[in-house]
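Two complexes are shown next, each including chain A; its partner changes from chain B in the first to chain C in the second.
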Partner chain A sequence: MRDALSGEGGIAGGALTCEGVTFSYDEGRSRVQALDSVTFDQPAGCATALLGPTGSGKSTLLQVVRGLLDQQAGSVSLDGVTADDPRYEAVRRQVGLVFQMPELQLFAASAFEDVSFGPRQLGWPPLQVERAANAALASVGLPVERFARRHPHSLSGGEQRRLALAGVLAMRPRLLLLDEPFVGLDPRARRELVAVLATLRAEGAGFILATHDIDLAWQLCDSRLLLDDGRLVGAGPWAFGEGGEDELVAHRLCPPFFVALWERLGRPLAEAPRSAAEAAEALA
Partner chain B sequence: MPLIAIKDLRYAYSEAGPPALDGLDLIVDEGEWVCIVGPNGSGKSTLALLLAGLAMPGAAGMAQACGHDLLTASGRLAVRRDVGILFQNPDNQIVGSTVEEDLAFGLENLALPAAEIRVRVDEMLASFDLVELARREPHLLSGGQKQRTALAGVVAIPRRVLILDEPTAMLDPAGQSEVLAALESLRGHGLTVVYVTQEMDEVQAADRVVALEEGQAVFDGSVAALFADAALLQRLSLGLPQAACVALALRERGHHVEPLPLTMDELVESLGGAR
Partner chain C sequence: MKTAIAAYYPGSSLIHRFDPRAKLVAVAAFSVALFVRTSYWSLAVLGLACLTGFALSHVPPRWFWRGLRPILWLVAFTFVLQALFGPGELLVRLGPLDISREGVERAAYLSLRLIVLVVAGSLLTLTTPPVALTDGLAWLGRPLRKLHLPTEELALMVTIALRFIPTLLAELDTIMRAQRARGADFSRGGPLRRARALVPLLVPLFVSAFRRADELALAMEARCYLPGVRRTRLHPLAAGRRDFLLLLSVAAIVTLALAV
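What follows is the complex of A and B.
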C-alpha cells in the first residue's frame, strides 16, 4: 500500500490554497453564481469534508480545483505553485478527482487494463505502470491475484466503485478529491469504501471528500469546508463545542450522530467520539 | 383476503442470467406499512416493479394485487389505477411543465371534469406544502421538492397501494426529511405502503419488515425482531441504526443494554439520561 501513495508524486504532497475563487455560468436566461469568492487553505495530508446542501457548489469547487473548470476570478495553487509558474499545468494534473458514480466510466475489458490506463496515458514506462496499477488495486481491497483479469461489469457495485477509485490512485495524485463517493452503495459496500479511505488517511494522504453523509464525514475527516449557495461559510478543524454545531444547523445540516448524542448526555462536545466503539469506550 | 398476495414467484431478466426473484412469498394486508430491505441484487426493485404492474415475461408462480392478477396483461393494466409507485430519481418522474400541471396530468388521463381536477390539485398542493411552488418549472426545484411533487402526483389519484423504491436515496438530508415528513402525513388515510429502502433509519416507521436475499424472503417480522438478529444483519450486510451500534459495542464491553435501542432517545434513556 505504501507503494501506491508515497514516493515521487505521492499523495504526501498536496497543500492546496484557494483565493477568492469565483465561478458562474449561464443557465437559460439566468446567470448562476456557483462559487462566490471561496478562500481557504488545505494543509498537505489533511482529510477534509466538503459539506453543503445540493446546489451549494461542492462539485463545481472540486472541478475548479482539479482544473477542469476555469474560475472567472481568484486563484488555485498546489504546494505553493501558482499560475505564473511554468510547473503549474503539470502540478495541477497531479490532483486526482473521483466523480460521482465513477463506475459509469469503467470501459476496459479487465480491471487491470482499466486501472493502468491512466498511468499509461501519463507516459510512464511499462514496469512503473504495472507497479502502480497493482499497488492501486491492492490499496482498494481488490488484490491483483483475484481481480486483475475480471471484467469490470462482473464486479459488484461496490467493487466497481473501488476499481474506479483505484484508477485515480494509480496515477499517484498529490491530492485526492472525491465527489459523493458513497451515494448508491449498500451498507457493505459503504463499509468497504470507508475502510479504504480510513487507511489512506492513516497513511497521511490528503483528500477532500464532498458528501451529504455527515456521519461518514465525521468518521473520516479532520476538518470541514462548508458551502452554502456558493459561499464558504465555515472552514478548518471541526469546531463542535465552539459553535460548530450551530453553524451546521444554520445551514440546514444536522450534526453528526455522536456529537448530538454527547450533547444529549451533557458531555463536552469537543470530546465527541468518532465511532460506536469509541463511544462505548467512553461510556463504559 | 390480503391486498397483496405473492406465492413462489420466480422471474429472471434473461434466460442466461441469475433469477431476480426465486420463489418469493409475500402477503400484505390492507393498511399495512411494510418495509422491504436487502442487499443490492436481492430483488427489492424487481418486487417493486412487479407490484406496480411492470410486465415480467416468463414469470412463474402467483402474484395478485388489489384482486388483479399481475401475471396477465389485463391484470397489470387494471392494477396501475390502484397502485402508485415513486422511484428514486427525482429527475425522471415529472412530466408537466409546472408543478401544478404535473399534478393534474394523471387526473386528466382519467378524463375527470376540469373543475374536479382543479379541486384535487389544490388539495395536493396544500397537503404536500407545494402551494408556493405551483407555477414553478420542475428543473428549478430542489431534489426534495421534486420528490414531493412526484409523490403528490402519484397520490393525486386516490390509490389503494403506494410503492416507494428508495425514494430518498438520491436526496440530501434536507430533502430526505421533507419527503419522509410528506410520507408520514399519508398515514392513517387507509393507504397500504410497500417501502423499499437501504436506510435502516427509515425502517423504524414500518409495521413489518421483510428482508430479501437472492430473490427470496428470508425474514418477515417486526422491526425489533430484525434488529435483534445480528447474524442476519451481518449476512445481508444491512446496517444498524447508530444507537444500536453503540449498544452492541457496550455489550461487547460487558455492559448489557436491553432491549436494543434503535433511536437516540431510546439509547439515552437506557443509559440513564444525561450524566
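What follows is the complex of A and C.
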C-alpha cells in the first residue's frame, strides 16, 4: 500500500487556517446559523478529529473548507495561500472531501472509470490519470488486478465506500476531509477502512475526520476540534487528564472507551491507550 | 425550492375552502364548455368567470404568471401559425407572406382560449393541496373500479410522487455538490458536453430513487398496506352547501356560455 502512493508523492502539505468562518443556511423566511465565527489552525500532516453532536455544523464546516459552500464572513487559507492569491482557486480544489455515504455518488461502469473521473476532470494526461487511479485503488486496498474492471454496484458496501475514497485520493489532495466515513459499515468493513486511514496517517497525510465514533477518532487522530451549535468550543490536543474528558461530556459527547477505562482503573488519563494492543501492553 | 409542478398557494379563501371534487368537476365542465362552443361571447363569459375566481382566491397574480410563462411560447407559436396560414380576406402582405383578417382573428381567439384554460387549471392547483387533489380524483374515479381500474392505487402513486419531489431535489443538490468536489463542471462547454456532464448526477439519482422506492414499498407493506383494499381517511372529504352552490353557479355559467 505504502509504495503505491509514495511513488506519486502521496498527500503532502495541507496546512489549513480558518479565521472567523461564519455560515448560515437560507431557509426561505429565516436563516439558520450553522457556523459562528470558527477559527482554528490545522498544521500540515496532522490528523484531527472533528467532533460534535448532530447538527453542530461538522458537515457544513467541511463543505466550506472545500469551497462548496461560501462562508458569509471569515476566511479559509491553505498552505498560506489566501483568497487574494491568483492560485487560490486551484489550491482550494486540492482539498479532497469524502461525503457522507459517498458510495451513493458512484456512477461509472467500472471501478477504474469511477476513480479516474476526478483526475480526468482536472485535465491530466491519460498516462498520469491511469497511474493516479491505479495508485489510489491500491492505497484503499482494492488491488487493480481484481477490482479495476468490476462494476461499482457489484462491490460490497465497504468496498464501495473505499472505492469512493479512492476517487478522492486519485486527485492527489493536499488535505483530506472525511465526513462520517464509518457510518453504516459492518465491523469488518470498518476495520478495513480504519486500516486504510491508519496507513495514510503513517504516510504523513493530513486529514480532518468528522465522526460520532469517539473511539476511532481517539485511535486515529492526534488532536480534535469540538463543535457545538456552530461554535468551536475546543481545539488542539485531546487533553485527557486536563479536563478534556469533562469537556466532551459537557457538549453531549462521551470520552473514548479506553479513557473511561483508565479513569476507572485510577490510572493517569494522559497515558490512556488508543487501541486494544496498547492497552494490553500497558496492563501486562 | 419552488417548482411550477403542482405549486400550491396556502390560504383560506372561499376558493380554497371548496371541496376538491367540486372544484375538479367545475374545472372539467368549464374546460369542455371552452372547447365545445366557438364564439367570442362564450369566451368572454368564461373568461370573466375565471377572473372572478382569480379575484376571490386571493392568490397573488405572480403565481398565475408562473403557470402561464411556460405556455407562452406555445401561444406565440399558435398565433403566428394561424395568422400566417389561415385563409381569408387579405389584411397585409409581408413580402411573400399573406396575413388575412380571419387568420388574425382566429389566432387571437385560440390564444385567448388557451390562456383562459391555463388560468382555470392554475386556479384549481393553486388553491388545492396536492393530497386533497388526488383524494378528489380517487373519489371521482370510483365508478371506474367496476372496470377493475386501480383508481385508489393510481391516486396514491400520484400523492407519493408529489411528496418525493422535494426529497429528490434535496438529494440532487447533495449529489451535485459531491460531484463538484470531484471536479465535475455542469456549466461549461457545448450542449453535448453539458449533457454528458449530467451522467454523474443522473445515475446516482436514479439508483437512490429506485432504492428509496423499494424501501418505501417494504415499509408500507410492513404497516399493512394492501392494494385494492378500501381504506379510511384521516381527513374525509366532506362536501357541503357551499360546494353545491359552486356547482350550481358553474352550471349556470356554462349554460350561458353555450347559449350565447
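By our rule, the second predicted complex is superposed on the first by the 272 of 284 C-alpha atoms of A that agree within 3 Å, B and C clash if a C-alpha of one lies under 4 Å from a C-alpha of the other, contacts with A are read in each partner's own complex, and residues count from 1 in each chain.
Quick note on the criterion: a residue touches a chain if its C-beta (ideal position, glycine included) is under 8 Å from a C-beta of that chain, and two chains touch if they have at least 3 such contacts.
Everything numeric here is computed off the predicted structure, so don't read it as measured data.
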item: Combined model on chain A where chain B meets chain C, clash or fit; value: fit
item: When both partners are placed on the shared chain, which of chain B and chain C touches more of chain A; value: B
item: Touching partner for A:V168 - first (chain B), second (chain C), both, neither; value: second
item: Contacts of A:R93 with chain B and chain C, given as first, second, both or neither; value: second
item: Contacts of A:L68 with chain B and chain C, given as first, second, both or neither; value: second
item: First (chain B), second (chain C), both or neither touched by A:L104; value: second
item: Touching partner for A:V233 - first (chain B), second (chain C), both, neither; value: neither
item: First, second, both or neither for A:P187, with chain B first and chain C second; value: first
item: Partner chain(s) touched by A:A138 [first = chain B, second = chain C, both, neither]; value: neither
item: Chain B versus chain C as contact partner of A:H153, first or second or both or neither; value: second
item: Chain B versus chain C - smallest C-alpha distance in the overlay, whole Å; value: 5
item: Intersection of the chain A residues that touch chain B with those that touch chain C; value: none
item: Chain C residues touching chain A - in the complex, by the definition given at the top; value: 174-175, 177-185, 199-200, 203-204, 207-208
item: Touch list for chain A against partner chain B, complex; value: 53-55, 156-157, 183-184, 186-191, 212, 214-215, 252-254, 257-258, 260-261, 264-267, 276-277, 279-281, 283-284
item: Residues of chain B touching chain A in the complex; value: 39-41, 142-143, 169-175, 198, 200, 237-239, 242-243, 245-246, 248-250, 252-255, 264, 267-268, 271, 274-275
item: Chain C partner contacts - residues on chain A that touch it in the complex; value: 63, 66, 68, 93, 96-97, 99, 102, 104-107, 117-118, 121-122, 153, 167-168, 171
